[in-house]
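Taking it in order: structure first as structure tokens, then the write-up.
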Amino acid sequence: MTGLVAWVALAPALALAGSLINGLFGRELKEPAPGVIGSVAVGAGLVLSVIAFVSLQGSEEPLRITLWRYLEAGGFDLSLGFHIDRLSVLMMLIITGVGLLIHIYSIGYMAGDKGLSRYFMGLNLFIAAMLVLVMADSFLLMFIGWEGVGIGSYLLIGFWYSQRENADAARKAFIVNRVGDVGFLLAMFLIVKTFGTLDIAAVNEAATSLVFGSVVVTGIGLLLLLAATGKSAQLPLQVWLPDAMAGPTPVSALIHAATMVTAGVYLIARTAPLFAWAPTASAAVAWVGALTALIAALAAFAQTDVKKILAYSTISQLGFMFAAVGVGAYWVAIFHLFTHAFFKALLFLGAGSVIHALGGEQDIRRMGGLGKHLRITGTTSLIATLAIAGVPFLAGFFSKDAILAHVFNSELVGANVVLYLVLLVSAAMTAFYMFRWYFGIFAGQERFSDAARADLHESPPIMTVPLVILAVFSVAAGYLGLPEFAFPNWIAAWLEPATLSAASFRHPAVALEWVLVALSVAAAAVGLAAGYWVYQVQKGAPAARLGDGALARLARGGLGFDALYRGVVVAPSEGLSEGLALVDREVIDRGATGAAATAGLLARAATLLQSGYARAYALAMLVGLLILVAVVAFTGVLS
Amino acid sequence: MLTFLILAVVAIVGAVGVITLRQPVHAALSLVGTLLTLAVTYVTLEAHFLAAIQVIVYAGAIMVLFLFVIMLLNVQGDEPQPSLGWLRPAAYLVGVLAAAAIALTALLDPRQLPAAEVIQAALQGGNAGQVGEAIFTDFVLAFQLVGVLLLTGIIGAVSLVQRGAAETPEAEPASEAELTHA
Amino acid sequence: MTLALLLIPLGSALLMALLRETGAQRLLMITSTLATFVLALGLPGDPGVSWEWIPGFGATFSLDPSGAGGVLVLAASLMLIPTGIYASIRIEDRRGPLLALLLAMQAGLNGIFLAKDLITFYIFWEATLIPSLLLLGIWGGDKRRQAVLKYLVYAVAGSFVMLIAILALKPLSGAASYHVADLLAVTPGLPATTQVWLFLGFTLAFAVKLPLLPVHSWLIDFHEQNHPSGVADVAGTLYKVGGFGFFAWALPLLPAGAVVVGPWLLALSAITALYAGAVAVQQTNLKRLLAYTSLSHMGVIGVGLFGLELAGLNGAMYLLVAQMISTGGLFLLSGMLHERGKSFELDRYGGLARSAPALAGVFLLLLFASIGVPGLSNFPGEFLSLLGGFLANPWWAALATLSVVASAVVAVNLFQRLFQGKEGGPSWELRALELVLLAPVLAGVLWLGVTPAPQLDRIEFQSRVTVASLTRAAASDAIPAARGSLPGRER
Amino acid sequence: MVATEYYIVLSAVLFVIGAVGVLTRRSAILVFLSIELMLNAGNLALVAFARQWSSAGAAVALSGQGAVFIILAVAAAEVAVGLGILVAIFRNRTSTDIDALSGVRG
Amino acid sequence: MTFPPLLDVDWAVLLPPATLLATASLALLFSLSQRGSAVTVNFVYLGLATASMLNLTLFMNSRLGDLQTGFGLRYLADHPALAFNFVILIGTFLAVLTSQGYLRRTGLDHSEYYPLILLAATGAMVLTAAGDLITLLLGLEIMSLAVYVLSAWRQNSREGEEAGMKYFLLGAFASAFLIYGIALIYGATGSFVYVDIAAVLAADGFGLLPLATLGGMLLLGGLAFKVALAPFHQWAPDVYTGAPTPVTAFMSVVVKTAAFAALLRVFTIVFPGLLPAVEVAFAVLVALTLVIGNFAALLQPGVKRMLAYSAVAHAGYLGLAVLAAGSVGMRAAGWYLLAYTFMNVGAFAVLTLVTDRDDRGDDLERFAGMGRTRPGLALALTLFLLSLAGIPPLAGFAGKILVFQAAIEAGYLWLALLGIVTAVVAVVYYLRVVTYMYFREPEYDLPNHRSRATGLAILIAVLGTVLMGIFPGWWLGLLEVGRIVLARL
């Protein structure tokens, strides 16, 4: 495909260029130049994405752009290229759209920071990598983006590296992600071994030629799942995301809520045919998602950091998406991804606005009653909270309901009900902890200090305008995917050619479908009501009573996963590493010394014979002669 | 056979004397005895010319030289204090083994001695003329080289001894390298 | 032109030894390294040379830039530009000889990479020992003499045994000469058992230089004790030619041996990769840490080589090329850091990113390159190496892939210790000149990371020969017999 | 006539006695004397073999005796040099103990 | 009365050694009227040059295919022998150059020195070309007697006395073996001439193989002593240490060359007819030599003594060539010996300039920092040591691959492996000196001897070491073509 559309290939390049300009000439750039450059780069990307989106309106054929030959090794050769289909273009819109808003927001949020150009360098780098990730036509290029976003994330989490915790968090995120990357690498190896290519489309096509549910395809699926859990902070690799909140809040909004963490979902959706062929792997995905959703929701209950609540919420919501892809409801997952991007970004930006207003305060216990001081922030945050809680007619309602319905209707007979219940409970919990979050910040008593009050101010328009825009989407986005059984569903139709919605679902009676809708509304309502009762009516007293219980402590610490990993993975690894270092120093190195000592002994033995006495030398000669004769005699006898 | 045995015993006794007698002069004289016995043995082996040479050159000239040096250096016997005590038994052991090896090999393939006439015809008693012919035909190069060898020996011996006590060692420091830094 | 790649550095080395004046030395260094690099760029397609050398013995003097060797020469000559110039600025003590040795080293390396005759190869292989020894021995640290001894014994023990294998190769196979073409015609036809023993002979030399566990301990001391400028480390990094030896000589000439011994070495390489990564985590000295890191890379290279797959062979060579540049760059940077902080102990640093953002940025970029971040130099090689290993044996390759995590831990830990944390350090920003010097390194890292295909094609040109040879050997039924004769064969 | 082998055995015994003398005597000059004994053992063997080789004609037989003559000359030259060395070294010493000359070792 | 057939008396083949003999006599006569040898030495150079020219003529003839022998195959001036003659001449020349300044400096300048050197070289040439056992014996004795005297040249020095005494007594002891061996071989075969012996041994129904083999072993013992193969080597370190350094250099190359040439010839012509196990027995000697020589050198505190042991070790490497025997072995040994001559004499020549006048002060510590204080000499010594260690592209390397290749081709892979493993040790002790010279700071003031002649010797040795390493084909090519007496013609 040629023409204007081909320029879309430049989208990542533009972002990269923005990153390079900020990186190389950062010192020369005066504020707000870095932000402007970064925003322009992303804005251009948005324009290009829209062009691509438009061009794909009429066509189901993906847009393929070949860049250049990258590798060529034996059986498989690989050119870098973009494969832009309806799925990717949707992702691109999210990335550049939400990305643009967050860039603009950041101009305000980060104003005055010394590392501004470094900040935008990282942000643009991230956008570039993320675009590459979603546009890639091969696993390899996707992996390039995959690692690229990881690096962007690393750079931005550790943006304020002077504090040890921040650097530690960045390090943790990087390492945990790297574990997932091992899965990605191994998956690629297995794919090459099996299919002889890394082209995603080709692999998807070829996957169905294998035996259904065979070990190989299941293996690939599980390895890809490992990769996805790393990037998307799912069990068992979810531990890095709460810590990642150490980064600037817009970063959390963009990377750790809207885009990067959804890469795992995207990966599985991208390889939908393959997963459809690997039921075991798919089931694993679903279970991972459901359990993560539940556990993260639990953990979210006990957090006191405004951002950490959101972080666990993100993990939980990603769990929903995983559950969706796990049961084969790919478009549903993408739909939730889409809506979640808006309201979660909005929540983070709202939180950022609050933090900004309070001069860096992040503890929910020292907030409250801010709704009347920060009207725009409060209102938009309320919308987002309602959206994520699944209140009807807001975006989150539609997408979450679709997930619940599809899980219930999925063919995982028996298990589907359990999964459904788990997710339903999680949904209710979501509503509960989100209201805890909202009430804690915006309603109730003002618990912040007087010093903070003096400085209290609503954020400047450059920050609030993005909030408003996101709020609009948080409401509107849901209408792209109204329940299928009753309404036209644009997003399902749009994604159909890209994700193979072939996975079959039962189609129960419409009445049952309505019951399911009612149940999810009820879940939201229960959560909401409980949240209202506990935090608004009782002023948090029931929670306070639980306050220091063991369960609460456990939940606050992310249900002990960190401690568990420290004990089971980190400490043994460190022990092993120390042990090996010791072995290296004491055994292998000593071995060399030992050999030298042996040579020294031999040398001494050789010189010992040299006694200095001529008569002894003569004896040696005579003995030598006898040796000669003996050797000859014995060899003669032997032969 | 009896002659041989007597000669052999005398020769061996003389040889043992060389390696056992304490006084160097006695040892040297014991060797002279062996050498003379060997000269007689040569005669029994139809080598008259060599027998004569053995007496004149070896037992005569060479041994006189030895005795002269023994006197000159006033050589005493072996030092009384033992050193390398282990060497003696080892030497005997090795010696026995070596002698056994040579003797066994020699006895392995006994050969018939040619008839006396054949020996007589070939060696004609090993007179000077006969040997001389061999020396000036087969060994003409060797004969020349013997000359070179003797020349070398003379030059060598002279150069060693001639410097004699006249040579004064150069006065030089024990070590020319001075330690500059410890 | 191929010959010029030897003669220019060698001639410059001789001239350098005579020059007394600093300016002249620098000028010569710049001219020589640039000229060599430019020539190396023009290598593809050059016919090379081949002369009779020891006629009765069957040795020729043959150089040929086709294949992986040409790429390695290119990378090496690229790295020597900043290294040489930096040395000419940084080194005060006996500068002329040091520069001369660097150039001699370059000549030797080019010879190793370009040699197409086994004897020629061996000569350069061994001759390169001397400049690297002298660099270590004269300009090294306090414990340099032990390091020299260790390095010497390891290197020589390995390569001397290889010499016997080389010498035995011709009589056993009846080859017309030691030229690779003559050898390739007959040596793969040797009985498998013979090949195994000869291969083991080569292995000893190459495994020491690669290096693999457990013959790696020289490498650590070598790096730790070399001059703090890092100049000699770069030269030493270039010197890890064991992988190339396997690739260019041992595998194609003795395919049956490779097929039998390869799996064992694959396992050993995988263990090396992970082991070195794990040990690197514990290091508190920058140079030791870098040494273990590069040891880990070498394990990955081994995995690529001994998978005996085309992808892995390509990848291993490519990683070798990339590693030269990325790790070399890190050593140079550590030299620059040492100039400022006078120490390699990590405890002495921290929070440098604020005062020296460019230093931090370049350092991070090279670290990322070195741990195989895609888009940077090491990734294609690492990917293909592990892939090649995976195709042969998924389990060991998976183990080696875990080293990816270890190297990430090492990298981010290192970066954190040096550059993050407490603020208010001294102003240690890179000078403009240093940035200019690092430019070729960065360019190389990006260039190799973004478009690996052209260089990979050159490498593959050679790997195809190897793979063809290996395939033929694997198909023959002599292998199982040889496998049974291998010592320690499990039953 | 006595068979050649007996002479060879005799010569072997003399040779070995000479060799043992070299090993056991500590005075340099006595060591030298022992060596002379060994040389004579060789000569005896040659003469005995020369008689044996009469079977192959005069030339072969006489070459053995000629060789003895040459070896006598070799012995004489050796004695000249050897005694020269002895004199040069032991001139200024009280003893000719060669074990005293064992300072260079190791 | 039957006369033996008339012998071909071809005196022309004797021209090179005869020239040296004549030069020796003239020099001796001339030097009687001189104090010191400053002028006499020019005679020596002239004689060496003349001998070289004559040798060259013969050499060219032999390349063209003339088989030049004399005295009924008792003197074999064939191609290898003439090649070895070149090695001897070059070795002698370098030794004389090294001696020049040394003698004056040490007060050892006595008129018989050069004549004795030339006589030793004469003997060496005879030994090299010997075609029968008697000629072999005489060549060996001429050479040895001269060298006995030279090694005791420094009187009033304990080491010198020890050297002379040990060398002479043990040498005579070894000669006794040799003579006894000759007697036994004669007893078994009735001849002294190699080719005749070979013919008798090869004849059907030969029944005295054990006797001949025993004789061969005794012969081997005598020759092994001269080339210093273990366990017949023990004299070598002590004598090399005690003899004046130029004499040590001379001994280590010229004596070794000639003895190896003789050994090779015996091994090639005579030994194949003996019991096959003889080769095994010799291989055992070589193995012992490689191990003992290299390991004993490892921890020597003195450089001169280290080089002495290294000379023993190199005898082991040459032994590998001997095992290969035939034209392959001769070629390898001929190449190796020339290379060895350059590097070894070179190393000793450097030693003469940095050690004390009494040859002491060769401790390793004193070489510390020599790279700074005496850069030129240090560089030269480094080259020699690297070459001795067999590091390419120096001469020692090409020599090493030639002898190892020869051994492998002859089926002695195990011995080659042993050789190479011990060569690792060798690298360590050679480079230990280099590490002292370059990797340590100077601690001592080395004596600053200067001698133009020695400098020239070092220069020639450096050129030889480097050029032979880079262009090994030239000398190898010369060794290649031409006829060799291998067996009965």
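Going in written order, the chains are labelled A, B, C, D and E, and every chain counts its residues from 1.
Methods note: a contact is a pair of C-beta atoms (placed from the backbone, for glycine too) under 8 Å apart; a residue touches a chain by one contact, two chains touch by 3 or more.
Just so we're clear, the structure is a prediction, and the values are computed from it rather than from any experiment.
Common neighbours of chain A and chain C under the contact rule above are E. Looking at which of A-D and A-B shares more C-beta pairs in contact, the answer is the pair A-D.
Overall, the chain located most centrally, as judged by its C-alpha mean against the mean of all protein C-alpha atoms, is C. Of all chains, the one whose Cα centroid sits at the greatest distance from that of chain E is A.
In this assembly, the C-alpha centroid of chain B lies 3 Å from the C-alpha centroid of chain D. Between chain A and chain E, the centres computed from C-alpha atoms are 77 Å apart.
With centres set at the average Cα position, the gap from chain D to chain E is 26 Å.
The distance from the centre of chain C to the centre of chain E, each centre being the mean of the chain's C-alpha atoms, comes to 42 Å.
Within chain B, contacts with two or more other chains are made by residues 83-84, 87, 90-91, 94-95, 98, 101-102, 106, 111, 133-134, 138-139, 142, 146, 149, 152-153, 156-158, 160, 163. The set of chain E residues touching two or more other chains comprises 4, 134, 138, 141, 145, 148-149, 152, 155-156, 162, 165-166, 169, 173, 184, 214, 237-238, 300, 428.
Touching of two or more other chains is recorded for residues 149, 153 of chain C.
Chain pairs that touch one another are A-B, A-C, A-D, A-E, B-D, B-E, C-E, D-E. Against chain E, in their complex, chain D makes its touches with residues 4, 8, 11, 15, 18-19, 22, 28, 31-32, 35, 38-39, 41-43, 45-46, 48-49, 52-53, 56-60, 63-64, 67, 70-71, 74, 77-78, 81-82, 84-86, 88-89, 92, 98, 101-106.
Chain E meets chain B in the complex at residues 3-4, 7, 9, 14, 21, 25, 28, 70-72, 74-75, 106-107, 110-113, 115-116, 119, 122-123, 126, 134-135, 138-139, 141-142, 145-146, 148-149, 152, 155-156, 184, 207-208, 210-211, 214, 356-358, 360-361, 366, 442-447.
Across the complex, chain A meets chain B through its residues 613, 615-616, 619, 622-623, 625-626, 629.
Across the complex, chain C meets chain E through its residues 52-57, 59, 119, 122-124, 126-127, 129-130, 133-134, 137-138, 140, 144-145, 148-149, 152-153, 156-157, 160-161, 163-164, 167-168, 170-171. Across the interface of their complex, chain B is touched by residues 1-10, 12-21, 23-27, 29-30, 32-34, 36-37, 40, 43-44, 47-48, 50-55, 57-59, 61-63, 65-70, 72-81, 83-88, 90-92, 94-97, 99 of chain D.
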